[in-house]
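Labels run A, B, C and D following the written order; every chain starts at residue 1.
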Amino acid sequence: MIAQLVIDGLLTGAVIALGAIGITLGLAILRFANFGYAELMTVGGYAALTAVLAYGGTGAPLGPFSFGGFLAVALAVGLVVTALVAVASDVVVFRPLRRRGAGPLVLIFASFGLALVLRHVVLLIFGTQPEYYSREIQMAVLLPGDVRVMPDQLLVLAITVLALVALWWLLNHTRMGLAMRAVAENTPLARACAIDPEMAIRWTWIVSGALGALAGTLFGLTVQLRPEMGANLLLPLFTAAVLGGVGSIPGAVIGGLLVGLAENLSVLVLPTSYKATVPFLIMLACFLLRPKGLFGK
Amino acid sequence: MMGTLSYLVFFVTVASLFAIATLGLNLQWGFSGQFNAGVVGFMAIGAYTYAALTAPAQHEHVGGLDWPVIAALVAAMAVTALVALAIGLVTIRLRTDYLALATFGIAAAINHLALNLEGITGGGRGIAGIAKPFADLPPLWFGLAFLALAAGALLAVYLLLERLVRSPWGRALRAVREDEVAAAALGKDVDRMRLTAFVIGAAPMGLSGALYAAFIGYVSPYDFLAILTFQIWAMLIVGGSGNNAGAVLGSFVVWALWSLSGIVVVLIVPTKLQVQGGAIQAILIGLLLVAMLIFRPRGLMGERLHSSPLLRDDAAVRH
Amino acid sequence: MTTPLLEIRDLVAGYHRDLPIVTGASLSVAAAEVVALLGPNGAGKSTLMKAVSGLVLVMGGSIRLDGTELVGMPTHQAIAAGIGYVPQVQNVFVTLTIEENLRAGGFAAPRTVRARIAEAYERFPMLAQKRRNLGGELSGGQRQVLAIARALMTQPRLLLLDEPSAGLSPKAAQEVFAAVRGIAAGGVGVLMVEQNVKAGLAASDRGIVLVQGRPVLDGPAASLAGDPRLPRAFLGEQVFAA
Amino acid sequence: MKTRFMLAAASALGLMLAGNAAMAQGAAPSCPIKLGAIIPLTGPQGPIGKPIADTAQLAVEHVNAAGGVKGCPIEMVLRDDTGQPTLGVDAARYLVDVQKVPAIVGVVGSGIATAIVSAVTTSAKVPMVSCCAVTPTLTRLSEEGKTGGYFFRTIPTSRVFAVAHAVAATDRGYKNPVVIYVNNDFGSALLRDLEKAIGTLGGKIAGAIPYNENQPSYRTEVNQALALKGDALILIAFSQDGATLAREWISLGGTQNLVLHNTLRSQDFISAVGARFLTKAAGIDNAQVAGASVDAFNAGFKAKFNRDPVGPGLHTVYDSAVVTALAMQQAATLDGTAIRDALRQVQDPAGEVVVPGVEGIKKSLEAIKAGRKVRYVGATGPFTFDKNGDVTGPALVWKVEDGKLVTDKVIDLEQMTALFKRIGY
């Protein structure tokens, strides 16, 4: 039972981790808690769904997985659309506010409003019923230790690791990555280096939008797509980002895994009906004990 | 015409209840710069306290205490303030966006507790039969009497808070909001001031929740969802934070838009398409708020008592 | 004097429109010249530097670099136009490695970055040794060196240094000043804010004393060092430009 | 500053009055007759609310095609409560005060129904005929006289569901079912009744796991339920969560001996889970699907929407709208109290049996006009409001065959009453 809970915790934690990276980048570079970020996951998941619906499915299932090869194309569509939506939301909403010198709290509130709009646009277009990329149910495989895992979930884990490697490379070995890290640490100095902060901000939206789309699609793959899916994940995402320390990508990943683990293991001591409260308790404990997060500077 | 009048009375009553909570938020945010994203949690505490003290015994444990209305209202405020004190002691040193996250989480946790602590809250069944003041009056008179109570409470809260923010303490509070370091250097105990403002600001939220419970006569966890926090914030932003009259005006305008847009959907959208109307309504409200932030950042009224404009534009230059 | 490299005329600048801190300053810096900008606290020295690099509001006047107007240019364009700016504090990226700091410094000219980094390592061998260390791991003097090397990555014609010797030991300060002289010898104009009047003037060709947002003294470093008006200016007494 | 405040306040007021004026124009004194409806169209309950609203509209169209009430067509005034009680109460207040509707139908959420009964309809003396609110709190309020008799519902209380679940499980020989139930008033009330019912019918619940709505994933809950090692799963869940739970349960190797709640009786659910995993599944619902009355509704629904009427609340909302319309026809005047009393008169056991559909409604409207007594037997089969406005109705057990929902068994009103006695409700 415990082994199963641990595995489940890691698997849910992987998707939370992906989303939390987007949040932590936002906190570090955009300098506000983007409450609308989770909606980018929803947008990404549904954009991929649109591609799947247009194609008429994901193609014949690949090996043990529930979906066909077209899902990769759909995912690419989702990444592009979401990155565009993210940049557009910056151009239309956040950049004018930044220009005016609005504080982070005005930005947070604007992100609340934007979240409302995005969520309901998705709802208006797709309706409220849950959607799936593939309606195939796949049977869990039994691993040693009486642990049951679905092949899709293992793939999700693998994709998460790949995405992390790609992100690490992007941040450490590209001009954009350098600009983003410089702006995150010290915006005035970055400007003195002829780095345009607006450009770094634009790339942050693109990268975090794409990560959100990936997280949303993977979530849709292993659970389901719903217009409120992002909103329901908001608290775990922020908890993971805060736990890891703002701006720390390894921190966000470990934070995500910890939140997933804690949620799942909590049922050993608490009734399941309190499970959803657990991320909040972790967050509060973190604020009390380590306000800068586990990996904060 | 009587019907419209009756609806107007209802509308003003509900808007007044919201305005009371908005005034509390204005003290926390408008005057001391604390981002409370869990307003609805404090309203829930007030409502459940009032309900537990006045409702007859039901379910397994709840109720049967039969407190008088006024005593229960005061108790609801006191309990909310106490809870706010406990929360504030934990969160007061957090930077603002963390405070927003913490309070957002607290409201979610309070909602879970309301749903799960069946012995006190009735769980999902909620608490029914809550004491309604003036319940013996005929409907329209009940409406008018309750309006008088709500408006009276609103006026009292407004006057008290106006006095408070104009006192030396209130001026010091704004100084803290503008520049914590400078205020601390001037010898103000910053944490203590912020904590006091947080607790005093929470009390009207509890009162608002309690009056809501008294008005409807029933509370359940579904009354206190995160969207309500968003609504209260919208009221403050639209009205103009840092201005108590603005907070009240904003409450009326936003609640009017919120309920009116539903009516407009009924009137102009064909019935067949009305199921989409709700989504359109939410989209319009979201757009309105964002537009307000962009084009009229100080709200309808803005802050009256001028503070140093220096910091704001400094931020503009740096960004 | 030939045509100055930097020419500031009647500059009014500050953080807020209604509250100018630089209140009508005119001064110039020539190529290969080191100019020390002196003055009491709050005189507007740092603000003047930030105005040149486009980091504060400019309400009036002009700032020309080789005839190009800088007023109204965002910082990153001013840097690209030939300004190198080293702020007083937080002047290196502590979370980036030394090499990444230099790479960031050369952001505007990616093609030449490799060559510039090699040059920087040649000029400051210490940086080459610590290329993989984080900026945060350097000592104060090393940070100052890194900050200057970083500012040189774009091959600026004018280098702005805000208190390069602050917090350094006298020995470390001397090393920094020596580096500054070497840079100027290569043809770069240097404008540096200094608290330490004596050491600052010793390292400079010319000194300018700023009081309440305007230059009140401007002259060769050697003669200014002995000028009796200098201490009075620092005490806030009324002095008149020579 | 003062002036600005006054201006803004005045314009806010003006906006409201303008809205009201617009409404007043539409509100002709007699025709059409307005019928209020409050249904969640967005928010968490939006997925089940939308088809409910469509079906309510269908009922109104049927009534109008049958000639309308007192010679007037009915106009349904629909408001979205978004699942928020504050907005539900506001909608009710608006419908009652401004639109002057003499009755309200729909109302899905229990919390919303209770708030509206508590704050609006009882004091305004306007009957509310809810299609879907199942909370026992409303029964208690009725018993305490706090609804003034103005609250009715066409959906049976949780006990009917509990009996149906128990019958479906024990019929199939399940002795130790595990229960996963939604953690709200409805779910916990149903669980209590279910424990009793299954105990009486010869089984014992192996364990019950509550779940909170709208969680991103239910893996933990499913794993806990799996650990209880029951011989079947009784799933009391709403549509979206239900699909997630059933999918996770099956893919984690849970038994396919499923007993599903009525909210999962939909083609959406079957296609979300996959028919091949549901061959052993059974489900329950409160509607009776045999007989002329039900066929009449099904035919009418299919003619309009080109699909079978499967899904929660469809039959009950149709009945709530039609029975209210008939009561309006029966009542001497279109006032709330008269309609409240007439709601029971159109269920006269000695009356002429009348059924759904344009033809059926036409007959009943004419019979009432002619002064004859009628007994409306609805889309849910025969039902009667008891003293609390509740109904004890028949129930059915369904299963999935070739990807289609088919009826397996009907528990008619007599059997249901007998089972209630046996269980000791």
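Some observations on this one:
One rule holds for everything that comes next: contacts are C-beta pairs under 8 Å (C-beta built on N, C-alpha and C of every residue); 3 or more make two chains touch, one makes a residue touch a chain.
Which chain is which protein? Per UniProt: A, B = Branched-chain amino acid ABC transporter permease; C = ABC transporter ATP-binding protein; D = ABC transporter substrate-binding protein.
All values derive from a computational prediction rather than experimental measurement.
Counting hops only between chains that touch, subunit C reaches subunit D in a minimum of 2. Across B-D and A-B, the chain pair carrying more C-beta contacts is B-D. Spacing of subunit A relative to subunit B, judged by their CA centroids, is 31 angstrom. Mean C-alpha positions place subunit B and subunit C at a centre distance of 52 Å. Inter-chain centre distance (subunit A to subunit C, centres taken as mean C-alpha positions): 43 Å. With touch defined as above, residues shared between interfaces to two or more other chains in subunit C number as follows: 55.
In subunit A, the residues that reach two or more other chains under the touch definition are 120, 123, 188, 271, 273, 276.
Counting partners per residue, subunit D has 42, 46, 50, 183, 212 as the residues that reach two or more other chains. Only residues 42, 44, 46-47, 50, 183, 209-212, 214-217, 219-221, 223-224, 227, 239-240, 243-244, 247, 250-253, 268, 271-274, 277 of subunit D touch subunit A when the two sit together in their complex. The residues of subunit A lying in touch with subunit D in their complex are 1, 4-5, 8, 11-12, 120, 123, 127-130, 132, 135-140, 142, 148, 150, 219, 222-224, 226, 228-229, 232-233, 236, 263-264, 267, 271-273, 275-276. Of all the residues in subunit C, the ones that touch subunit A in their complex are 53-55, 74-77, 79-80, 85-87, 90-96, 100, 103-105, 107-108, 110, 150-151, 153-154.
Only residues 175, 178-179, 181-182, 185-186, 188-196, 297 of subunit A touch subunit C when the two sit together in their complex.
Across the complex, subunit B is touched by residues 1, 4-5, 8-9, 12, 15-16, 19-20, 22-24, 26, 41-43, 46, 49-50, 53-54, 57, 76-80, 82-87, 89-91, 93-94, 96-98, 100, 109-112, 114-115, 118-119, 123-124, 135-137, 140-141, 144, 146, 183-189, 212 of subunit D.
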